[in-house]
């Protein structure tokens, strides 16, 4: 890759000529005028990234098509909003952010392919992207091999920490433990029934939850069920719920299954105002499809809800609605995605460089006080310190926050005692 | 040919099995209760041309289907050279020496005449054998010889699709010939043929029966009289009459259901 | 697993579990009916069947919105209008597709599979362009939500019963149409012997088009009904396609009765297994059993032994 | 006996006709010379990935084009080959040293996450490279043999076979996703690094793998060509046309169908293994229905009866997919869907059909080749 790492025009030009039909390369031949305030390009970019005197290229990599497009829309909207805001305020190190967007098409190898394109062809200084764990796992070796930088927005199962990735969502312990404590304390919950989609995130999350319930809360798990992704018939498990009568139904069902599950739960006469249901997979985005009246009364634990009351959030919500329409809802991942470009900008400015190694080195300890969720800080393990909140779903599709962890919770991707 | 000169057996008597090439006994098949073939027995000698006649729906084609294993019998037995055919697979039956021509010409439209004949050549019938099959001089000579017999030697490289109807019938007969079966079963070999073609076909049949038995289904009475040694008449799934054409023609039962109208 | 429960608890659970099985049965039957007509009668492998269902779901979604804003007084009854419109919309699209696409491919059944798969991709992207990538929530009238309290512990979901009722009605309707009406006789005539049917004066092209439209229309009704229990998004239709085909094939493609019997056996197996095992395992075992049985008995549950 | 003149052409049933040699040379030139010269390492690796799909398409030409057996579950075999190769690579990447942060070092990371403390028995043989290479061929072939024998003996064919193979693909996907402790679940088996100590992630390695892949592809094409021009190839065509006639010519039809299906499975598995090597991971998203059907369309676009067409079709569709989804992601599905319909309706013989109808007659006229018109096969009924 030595040749491609090389800086300067001849290589770029040659590549462009040779690539032929391979799509528009991101690098344009920019006029060599420079901003008065901006530091020299040679100084801020020593590794051949796509940085000119006026522009810096950042990749956005989400599914625009396929089954995951449903979920990833919000994230890429938020990233574009953040980038627009940063550009309005003068850009990063005096350079405007230029976005190269790629479609992962809900297909993990495509993610890997596009990630490689963004790094190798487009020389993106950073990439905002991915949603599912599978897509992240697919691109991870690419980012490590080509020393790229990925800001990953989704709450996820943990068990990972890469030099080349910043995780702006919560890892499982952050999201789950505080809310289990809350439901135990507030609702006196002792028995839990876990229902999840059958893949790694629900299984790992439930594993952590089970350990916590059994070892810390001294409660019992009376059932643990998994359904294939896309499953739409839940009447049998609902009968089991009726039989077992758990204090808490703890769910991490995703996608279309989610919608079916809550509709059938409601239809079966399980009244969520009486039966406590705690979910870690329903944000405002999901409620859009489920229908507010079907899930009203359920508790969701996330670090962010659209209804959060603080000045940062009000500004963010207003700006988001202005850019993407009044009707769009903002969920946890959307907000986490919004953090990415800002965290990157701050790290670049602290490092005084776009070089990935320097940006990574400058990141730990960075604080983002304008975060819509309130305040976040980057831990040396590349995850964020954040608060966890529990909120009750309302019929209008919004959440009412009923609990907020008093302190920021330290991210712990490899939790001792939970593996 | 004089049918009277050929060995003949009374119906129903159980003769010693070894003498027969084919012995069909008490053969029955039912489709959802409907007995398409009901307790049919007949015997075919070596080198005999036997014609099965009967009105539509008499079960003629079904009998051939049963013999060649296309349809499984409900009960009864089919013995070919003393070997029970009802227990063999279709390809096993063919390999035992039974060849079958279908009612509508059943040839491979997408292949040339040469290739059609080649596929029927009785060598390389296993998967591995077919993969390593060599088109050697022996194969080519045999194919050309048969092509000559079936009047198609000038059409060897033509795609079978483009043959006339009669030529297709001949090609299928040729495909059977090249298998060199001891029992050849033909389902309406002259149906849809012109008079000229029919004469040529009769000539062909007379030429190829040497050293084998032939079981023919045919409607064309003139043709039947030309070729048959003996005739079996089926009606509603049962054997109505059997014997020389002469005898069958004068059987009142046959006249009533078949020849009469 | 039942040691800790009282007899009444258990019996009411079994009753409800029985109903869960029946609801699943209705859902499967409704899914498969349209396909049983299209695949079973016409031999067309319609891979876009799921997308025709989702069209019905989107029509219901639009109706719900329309009634809420313009005719709030009639909202409780909108679902019936929505189902009728779903039938018309999916049926009309089906007839259009038959005219533009399917009729050229009757002699190449496997090619209809490819072409309709292409169609399904196009429809998915169309839905995504019009309605957005996200799932839409369909608001239900109040009377369809909740459950009927039969005894203290037995509750039956209303929408489940509603689906059962719809399925029963449509099944009876289809059976009457296919086996008692002149149209049904024409369909069967065309299926069995196209040239002969044409020769006796049946407009075979028209019959094909109507049959295909009917199958798609029923898919539309199914989609409309499923807004009560499932999700409505551009790719939701794909969730149904494998199950649907298996039901039809398992039943023995040419027989409506077979389709119903197969939907019944598959739904009961799955529903029972789901109760005793985890959902994922239950699904795999059910599918394996179906495929296993199909390997042993490829003609499906219900077929006549016929002369080939 | 003097042979009639035309038969002399029959005599030399050549391994390949002149035009086919030209096609092969052209393909080889493009794969081995033109593309490596034109493309940078990244694009070349992409083409390498596409070429792995063309193994599947090649198998489909044999099994679907010639044999008339449409399998909608080729992803199963592609996935099997890929997974078996990935198991070997993963074990090599999970050395005790690499995995010392795990609670059980020395086993793949996903097993550790799922509280598996010892390597499952069926993983153990995959520490051996020769075993793995043999398994890549034998396991899919056996699996196809079992399915094929069970179905073809009972005369399951046509649409039924398609739907059942599709269900098998669905079942296998659910199984792989559900048994994540043993399979890596939905994430697949990721982060593969070395093949017997050789780092497969470098550009140099990608280049070498690309050429190995190309060579294997040419080898598979030649083998497929051998099958095609053998009597077995003609029997497949004959079977597609008149199955009963073949049966009553003394062949076991089920055996021949099973062979075609197994061959397609082995080709797909080789493609899958090469995919894993070049892309560096394997995931259940290749096993399911959607990729299996997409692979059918590669063969259809290229021409279901043309071995070379399969490769060109695969390259063309994937090139279009990459280009369109880069420039107009929203429109890509319209394009792909439209392509399916267009090919089926207007060009049932795909690129190869277009070539035969419009290009080849001109070429041959110019060259005055004495060759008879190639047996351009009409679109098969199934």
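Couple of notes before you dig in:
Letters A, B, C and D mark the chains as written, and numbering starts fresh at 1 in each.
Assume contacts are C-beta pairs under 8 Å (C-beta built on N, C-alpha and C of every residue); 3 or more make two chains touch, one makes a residue touch a chain.
A quick note: this is a predicted structure, and the numbers were derived from the prediction, not measured.
With respect to chain D, maximal separation of chain centres occurs for B (centres as means of Cα atoms). Put simply, the chain closest to the centre of the protein, by Cα centroids, is D. Measuring from the averaged C-alpha position of chain C to that of chain D gives a distance of 34 Å.
With centres taken as mean Cα positions, chain C sits 36 Å from chain A.
Each chain gets one centre point, the mean of its Cα atoms, and the points for chain B and chain C are 49 Å apart. Distance from the chain B centre to the chain D centre is 43 Å, each centre being the mean of its Cα atoms. The set of chain C residues that touch two or more partner chains comprises 125, 128, 238, 280, 283.
The residues of chain D that reach two or more other chains are 174, 178, 330, 333, listed in rising order.
Shown for chain A are the residues in touch with two or more other chains, namely 64-65, 198, 226, 228. By the touch criterion stated above, chain D contacts chain A in their complex at residues 38-43, 45-46, 49, 101, 103, 109-110, 112-115, 174, 177-178, 180, 185-188, 190-192, 201-203, 279-281, 283, 285-286, 319, 322-323, 325-327, 329-330, 332-333. On the side of chain D, the complex with chain C involves touching residues 70, 72, 147, 150-151, 154-156, 158-160, 162-164, 166-168, 170-171, 174-175, 178, 289-290, 293, 296-297, 300, 330-331, 333-334, 336-341, 343-345, 348, 379-382.
Residue ranges on chain A touching chain C, taken from their complex, read 64-67, 69-70, 73, 198, 224-228, 230-240, 242-243, 255-260, 263-264, 266-269, 285, 287-294. Remark: chain D residues 1, 3-4, 6-7, 9-11, 13, 226-227, 230-232, 234-235, 237-238, 240-242, 244-253, 255-256, 259, 372, 375, 377-378 touch chain B in the complex. On chain C, the positions that touch chain D within their shared complex are 39, 43, 45, 47, 101, 104-105, 107-111, 113-115, 117-122, 124-125, 128-129, 238, 241-242, 245-246, 249, 280-281, 283-284, 287-288, 290-291, 294-298.
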